[in-house]
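One chain, subunit A, links the two complexes that follow: it is found with subunit B in the first and with subunit C in the second.
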Partner chain A sequence: MSQTKPTDVFLLEAEDLLSVIEQGALDIAQDMTDSDCINRLFRAFHTIKGSGAMFGFDEVAAFTHNVETVLDEVRSGKISFTPTLIELILASKDHIKNILAEDADKKTGETLTSELALILGTTQTQPSPSQEAKETPAQKESGPKSYQIYFKPSPDIAAHGLEPASLLDELRDLGACRIAIDLDELPKLDELQAESCHLAWNIELETEQGIDAIKDVFIFVEDESTIRIVQSDTPQSSAANQNNDSAEAAPKQPAKASPKKSGVPQSNVRVPSEKLDRLVNLVGELVMNQSRLSQISTSIDSTELDTPVEEIERLVSELRDSVLGIRMMPIGSTFGRFRRLVFDLSSELGKEVELITEGEETELDKTVLDQLGDPLVHLIRNSLDHGIESPETRAAQGKSPRGTLRMSASHEGSQVVVKIEDDGQGMDPNKILEKAIEKGVVPPDANLSEREIFNLIFHAGFSTAQQVTNVSGRGVGMDVVKRQLESLRGSIQISSKQGAGTTVSLTLPLTLAIIDGQLVEIGGDRYIMPMSAITENVEITADERTTQNGRNLITVRGDLVPYIRLRELFEYTDAAPPIEKVVIVKHNGERIGFVVDRVLGSHQTVIQSLGKFYKEIRVVSGSTIMGDGKVALILDVAGLIADDANRFKLAATV
Partner chain B sequence: MLRVLIIDDSISILALLQDTIAKAGYEAHTAKNAKEINESLNGNDFDLVITDIYMPEQDGLETILNLRITKPDIPIVAMSSNTGYSDVLDVAKKLGARKCLRKPFTQEAILDSLLETIGPGAPSNSAN
Partner chain C sequence: MTDNREEPKQFITFRLGDELFAINVSQVREVLELSEITKVPTAPDFMKGVVNVRGTAIPVVDLRQKFGLPSVENTVNSRILVLELELDGEECILGGIADSVHEVIELDQESVSPPPSIAMRWRSEFIQGMGKHRDQFVILLDIDAVFSSEELALVEPNSSPTTTSES
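On to the complex of A and B.
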């Protein structure tokens, strides 16, 4: 069945592990003593090395070995984490990625290797040549240390062939030992299971040996048991550890809790996304054929046929929902990728930034997620580069020196709203307006609301100017961001308060595979317009069309709304009905009408792409096959407006 | 057909070994975490278990130990890449692993150890 080659599986796996490494390294940047995390990091490098070697990626294996060795020392407490080491690990991760992509620079590898060796070298020679100090460099002075050990074996330890008493004996071999039994969890006699172990022990051990020697005693039981080892004569660390203890003293078993976290994704099945795309296409075709079948069945009017056709209809719609559901992925993984960006950028810019993410579980179509990356990178860069001030400036303004960047996602109806918020300096509407007037984007006497002014930064003419960044703080390539979002059938809003920060909200459809549309008819052909943009439908008579002196304007409740007559655009030559319909859509906060012959009603449909021959056509975003087998084109509102603007050189409304 | 259980947390290694071992005429099963190991071992009889050592949740040494206690007749092949200060394969051997393979190893090496421990697989074209 599996057509995927093991080597491909390795490359996929390596990709996963590399992202585990990145996340792990960034987690450690927050808490350098997080041992779960250190283990996770170590294991990821270990697997890359081991598997890499098996698949003949010798360079990967050789390079990874260096990182693994360093992490092994960290794991055993001989080296502690430093920001430099974290940067080194991240750089190593990038290097491994490059080797796998056959895009590696040999020099980078050599530099990294020697830097890693340096870390190993310094720790092995620095602390003290004495053997003991090497064993436990965490402690400054040699001689016996005392440890507080808590050991609670799993109830079924005996069933695993292990005897707690022998472990205690081994501890006694290490040094002077005071062992106190803990009977707290001993059940009443009638509930007591003679085969189970209900006991726990508190042990005070004084030993010349390091903590590793103690851990070795418990090596075979550590996953099953609750074991806490605290060195008691270094007040600081023991206090910290005890805090930890009280926090997790509850039923949870610390040793067991962490692997489960990393174990979760393993129960998933990995499928290349092309297979999924193919599945979605097939289901799309199935849906169309099913509706043709329903249509035929209605015309034949046979009760015998009705029942299975209805059943198929139900099954197909369920199938469609579940297949589309498979494509939905939580946005958390996308957010996660930006932690690295924020980490790198803020150290590069000398800023302190805390990234807060909310709503990671919010699900979006994979295609949307994939294409959301670039715009988000842009927005985050803007926030860090121009929004959040340097720690000094912030402090001078009475703000916390550490800026906050908040990324959140939430559902709003059939759409998802992604917000990027910073608490930086915000945007100055006056400066933006000044710049816009200077650039000729708006006339000097323009009277614009604050929101309209902020929207100016999406104007292509505005953002090309490099120096805008120094003035307004924003504006680099925002038109690109906007275009990308529109291609996802999404929209972007911006709000900002000077001195307090900027919020950019992205509104996105849940999925690109299905469109909630309104079916319209022009000259006997049917078209679909995306429902999300439509605000209302009004009528227009031939008289009304001619009274505006040839200008395409219609009065809707006192306001003049420009319109595009689609039958003219698409060059239909047959006679138009005496009363046409105008579908009013809201685009960039402006109302624009599209004149069609008839409005047929709402229609939810699976989008079929037109294929690459038609990719230059911007006014149509896809097609769908109707129940009767005819094709209906899906109109792209943004494309239509842009096309019209080009055609008549109309100034873009915003 | 002789049944082999392969345990590793690396899905690519599992894919590779399963491929190799199945093509040599053995029935190859895989397990990648504690849950799968227990499910596989509880429900089935295997003629051989191949296990990686350094694994999350349930360490390979633990698996070996459990197997030695519960199913002492099943021969075990341990595999690991060398890491840092302690040689886990030595420990594996002491715990009763019949063969120890250091990663990276060749396809011949794994097939050789199968041959030595449980004998040849069924003649070909039952590869999948």
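On to the complex of A and C.
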């Protein structure tokens, strides 16, 4: 692995900060007076500016400076937040992102800069009443004040690349300064850690600058360090109401230190995902070899061997679980990304939408999460565009003018269900059916249940933009969404009530690396079917294999269920056993059977991709190495059905 | 097609029918004896399936069929050449079944000539050059190009059945 470049570190850091900015701006949109949030925003911009300049991203630094100036005014209460400002901040964030990606449009930057300047300009010409109450760095009207500052940096401050002495120098620049060192914490010489900072300082500072200027000195260290800033009672300045400021600042500062960083866990290690992938692969190999070892030890049957083999089995399974656990990430970060989407879309469409997210802590494999983004964007767009009505329409129907979009995630067994619910107009099954018949997706005399009708929108032939706006609006590329989910071994269900809203449920596996499967045998070859889809296994004898109207059907507890004989699909020519097994699978709410020779039992296994060469093969989604070293293929239910339908079609046309 | 790729001079030779081919050693990871191949259902015939190479399932193709030669039964001499390919900028591991694998030979630049454009049974875009080793012609394959192509046969569609035996 190559050494990480410092600029890469900055880019990663900037990415984090930009998302802090986005979340912060959206939080402020909810509560414009949230001072914590304003501070968080300011700090994020400040850090981007500082580190940007340090790593040579001068354009970023220069542009960010403008935003920072405006935010500083907000922080000091001179400007209050407006929706326009929030949009400006979001746009600035996008612009910074573009600059970093070397994809920026100079004009956008200039427009933003001038708009930001405009906001500054208006406030400077119209001083708000609050301005006089609070003193700001920009406005040093009052005389020098004195502050008592206690500064105790965290022991590992040096490891963060900061030097206390330089901070003290900065304080000296603010005004006359008396610094006294506090050696109370200094350990005995033999316990002294040379790299740690054991010192604290008591500082008396007389300055004409405000308390914010002092806080700015400590801006990079305030989370880890203990900082108390108290304005002394020395009545050097005239303004009495300044006491408010200090009284407010004093208790706040130390209290803030811990909860401020609540979003970021204490110590994290950033690891490139390739390294993790390698680890997962190695553990996968270990699991396979361990099961071979167990098999061999069973055949040798030695008590001496059994104990260590069992111990290894336990260790390996623990190792596997914890390694896979590393890849698990809470879905909250993915949800967070959509706040912006909902914010932008709803203002664009002139709708009022509240986004509610639930179950953010639900964990999913990173690979799944990464690939979940696109389908979710699609579904949210659909909901906002076509589901939720305009405020007027909603009011006319007696609904609250503000629509609700609810995204939730929860565990259901070994799967995760992600739901996107809206309280919009819902879908009209009659209109969908009408359109489907018109498009020739279903025959005119089709008698379909409501669920079957809703499933029609996943039909590839159903989805082009115009038809969809005529129908209640869903279906733009829904077939694509469905395919993306199937490639993640997930599924999608839709339910809708006209006038009341639509719910889309996505069912996803926890991880892509391991599959819980059922081992089956066909003609001596072993295959694995994903357990999540299987509902039951039944037997079928040669006599029972009746073919009705060219379709294979079996009676399962009174219902006729279609089945596919994998023997035929896979073109095995040897004789089938007299009694075969049918694995009944639920696919898109329908039951379908797969006929195999034998069912060998359940099998949890590590999935290996078959790679580029077999990407065209739909019936198989991957492979795994069995205990005896042979390769078993993992069957793909959706692919099997599609392939069978294709063969059926081909046979019909010949 | 790639005269400039001649710095590594070691090649591994293998035989398909009566033709001797060579692949740059840097693209051959290892040579294996035939082990049990798991067939992948519904895959085209030349894609023989997957084998377990130390815990990794590797796809295996029949080089004969890929090259448009008639398929034969595997013999004790049949080998799997585990190849490292680059397809569309992606590294790819693939096993190819050859009738037999011979030796590693060294060819210097003088003994390699560009592929003749006429009287060739093999399509020139898949061939780096012709080498001569112990008075025998060796076809140096551009194995990336071979597997980047969707097409099955390496044989020129309108070539005469005569081989390029000009020795």
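The working rule: the second predicted complex is superposed on the first by the 492 of 654 C-alpha atoms of A that agree within 3 Å, B and C clash if a C-alpha of one lies under 4 Å from a C-alpha of the other, contacts with A are read in each partner's own complex, and residues count from 1 in each chain.
What we mean here is this: a residue touches a chain if its C-beta (ideal position, glycine included) is under 8 Å from a C-beta of that chain, and two chains touch if they have at least 3 such contacts.
Fair warning: this is a prediction, and the values are worked out from it, not measured in the lab.
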Subunit B versus subunit C as contact partner of A:Glu73, first or second or both or neither: first
Partner chain in contact with A:His46 - subunit B first, subunit C second, else both or neither: first
Which of subunit B and subunit C A:Pro6 touches, first, second, both or neither: first
Which partner reaches more residues of subunit A (counting touched residues only), subunit B or subunit C: B
Subunit B versus subunit C as contact partner of A:Phe570, first or second or both or neither: second
Set intersection of subunit A contacts, subunit C complex versus subunit B complex: none
Residues of subunit A defined as touching subunit C within the complex: 284-285, 288-289, 525, 566, 569-571, 608, 610-614, 617-620, 623-625, 629-633, 643
Residues on subunit B engaged by subunit A in the complex (per definition of touch): 9-13, 15-16, 19, 32-35, 52, 54, 56-59, 61-62, 65-66, 69, 80-81, 83-85, 103-105, 128
Residues of subunit A that touch subunit B when the two form their complex: 1-2, 4, 6-7, 9-10, 12-14, 39-40, 43, 46-47, 49-51, 53-56, 61, 68-69, 72-73, 76, 160-161, 219-220, 223, 259-260, 262-263, 266-267, 270
Subunit A-facing residues of subunit C, complex: 36, 38-43, 47, 49-52, 55-57, 59, 61, 87-88, 90, 92-94
